[in-house]
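Going in written order, the chains are labelled A, B and C, and every chain counts its residues from 1.
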Amino acid sequence: MNWMITFCILHELKHRKVIMQLLVQNIEKAFSGKQILKNISFEINKGESVALTGHNGSGKTTLIRILCGLSRADKGTVRFTQNGNIIEPEMFKNHFSLVGPYLQLYDELTAFENLNFVAGLKSIKEPSAKIFSLIAQVGLKGRAHDPVKAYSSGMKQRLKYAFALMSTPDILFLDEPTSNLDKDGVAKVYEIMKKQKEGKILIFATNDEQDLALADKVVQIDA
Amino acid sequence: MNNKILKYTWQGLLFIFLSLVIIGAYLYAPLAKGLGEFTRVMYFHVPVAWVTVVAFFLGAFYSVLYLRKRNILFDYYAEAASQLGIIFCLLATVTGALWAKESWGAYWNWDPRQTSIFILLLIYGAYFSLRSAVEVEETKARLSAVYSILAFVTVPFFIFIIPRVYESLHPDPLINQEAKMKMDAKMLTVFLSSLGGFTIVFFWMMHLKKSLIRIKMNFQKLVNQEN
Amino acid sequence: MRNSLTIFRKDFKQELRSKAAINSILLFAVVTLTAVSFSIGNFSISDDILAAMLWIIILFSSMSGFSHVFLKEEEANTADTLKLIAGPTDILLGKFLFNLVLLAAVLIIVTPLYVGVFNFEVKNFPLFLVTVALGAFGLSAAGTIVAALIAKASSRGALFSVMAFPILLPVLILGISATRIAFKSESLDILVPEIQALFAYCVIVSTAAIMLFDFIWND
């Protein structure tokens, strides 16, 4: 029986030619008995972007943390498929990146050292070239060798984007993408978001009307 | 109804059995040479220490189960086993100290087995202070399970290896290799009955705690549904 | 393995700039050494006491510095950042390596100082060296996993010492016993039972740490 099911699934996958897909099914999560997320299901394919909205405390951040593998759901599954292969949840970190207010960078290190740290862990070849091009992309040119401690919160937010993009993620998760940013910063982030959703997948949590314009789908979260 | 009668019957039998053990320890069993009247502590001290170890193992067992199944029930069970364990551990420490005063001349000697029981006490203390330092229930369950497994892994060093390094003053009534202390048939009967009796009492207490936990959880579920 | 080295290098660089851990551990070691030396004064003390004092200094200074390695990630909100870019085993090994190097640096300064201050002769030097090395390994392995545990707790206070002490105690007992032999015995035998037990402790605790770290690190 089992092999038949496996065969059918494989066949279906081949047939549909799933190139890149995140399938979210019936996610549920409770904290100390209080239900935060209930029955969250959606599907995102290559080239799409999804916005998660909901009032404060509705569980946007919780959901994003579950999707990228930082937290564990009580029920439900998150399945990431690439070229017909299902990627194990342990390997998610090789494919996903996240920018969020609860993810900080190393204050004692410089911007360059922070990015070089990711480069080392992800075995990126010729890291210097990539680091400087990303630093220029987020508008921090000339500040690469300053310690992050000396950065303003807006600059830190920009650097987080460079940090997340170092590994060229298949899915880019953004929690409050434009917080702390000035006009120029917002424009740069929108550029990054557009570029990401062109060939890959973009998922972001926001309540900002302007941000929502970049979404192909909107998932409303309300417990 | 039938069930209830059965329950009261075995509870009554256990009561009579343990009473007999107490009477036997004082009236039936002869005294060991060199230990005098203080032989009688043995019938209570050793079973209590044994139950401490059983409780500690049971706690570690439920911790492993929690990490595998992620069911909060097992965390409560592990906590219950440790709560009982700490009571028996205190009893073993106190009875041991009394015995030590009488036979070795001081309440505390840092004998390897005294050290082991004291370390178990420290581990239980650490376990409960960890539990009180974590607020989120799932995190508390996870961290305390990890700690009790970690402690479980290091305890054999105290029990088996350190006594080899340091010389023990303890008599070895159970592992009687050099026959340091000979037990005659009467002593052995009382001793083993006491060991069995205390073990049954422990598992009965554990059973009561487990039922209480399940009732509490069902109650909580009902309250949550009401809201 | 390469990734854990990368993490170690990152921690090392951070430490060079903040010096938080090395300051607390080294100062602690030197202060206790001074206190011990001062309170003993010119009284002559036996090798037994000397061995015990040395290990008490080592144990308590390591307990004062080890918790830092995970605490700083948790307090600076970089733990989740790290979680998303590195695997748990690499992280644990990197942190362990950092604590080991930290303790080794302190030992290289404090141990000769101790021998010098109390002016005695280590008779079985190879045994002494092996004991200190294995002891440092065991302390770092057990200390790192306990540090990971308490970093996740919400109120920490003196929690690290309370929790680490029973786990680290075998190293203290075996270390004292082996060092005593090294201070006294004339033979150059290394494979005393204490060393075998210390080695077993190192193996068992590191294995348990690697197996359990996943459960601590991931929600």
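Operating definition for what follows: a contact is a pair of C-beta atoms (placed from the backbone, for glycine too) under 8 Å apart; a residue touches a chain by one contact, two chains touch by 3 or more.
What you see is a predicted model; the values in this text were computed from it and never measured.
S.K.: Line, ring, star, complete or other: which one describes how these chains touch?
M.R.: Complete.
S.K.: Could you compare the number of C-beta pairs in contact for B-C with that for A-C and name the larger?
M.R.: B-C
S.K.: Hey, which chain is the most central one here, using CA centres?
M.R.: It is chain C that sits nearest the middle.
S.K.: Using the average of all C-alpha atoms in each chain as its centre, how far is it in Å between chain A and chain B?
M.R.: Centres of chain A and chain B (C-alpha means) sit 50 Å apart.
S.K.: When the C-alpha atoms of chain B and chain C are each averaged to a single point, how far apart are the two points in Å?
M.R.: The answer is 32 Å.
S.K.: Would you mind pulling out the distance in Å between where the CA atoms of chain A average out and where those of chain C do?
M.R.: 38
S.K.: Out of chain B, which residues touch more than one other chain, so two or more?
M.R.: Within chain B, the residues that touch at least two other chains are 136.
S.K.: Using the touch rule from the top of the page, what residues of chain A touch 2 or more other chains?
M.R.: Touching at least two other chains: none.
S.K.: Mind pulling the residue numbers of chain C that touch at least two other chains?
M.R.: Within chain C, residues 219 contact more than one other chain.
S.K.: Looking at the complex, which residues from chain B come into contact with chain C?
M.R.: Residues in contact with chain C: 67, 115, 119, 122-123, 125-126, 129-130, 133-136, 138-139, 142-143, 145-147, 149-151, 153-154, 157-158, 161-162, 164-166.
S.K.: Touching residues of chain A toward chain C in the complex: what are they?
M.R.: Answer in residue numbers: 68-72, 90, 93, 96-98, 102-109, 113, 117-118, 120-123, 147, 163, 167.
S.K.: Which of the residues in chain C end up touching chain B in this complex?
M.R.: These residues of chain C touch chain B: 142, 145-146, 149-150, 152-157, 159, 162-163, 165-167, 169-170, 173-174, 177, 193-194, 197, 200-201, 204-205, 208-209, 212, 215-216, 219.
S.K.: Across the complex, what residues on chain B touch chain A?
M.R.: Listed in rising order, the residues of chain B that touch chain A are 136-137, 220, 224.
S.K.: Give every residue of chain A touching chain B within the complex, in rising order.
M.R.: That would be residues 31-33 of chain A.
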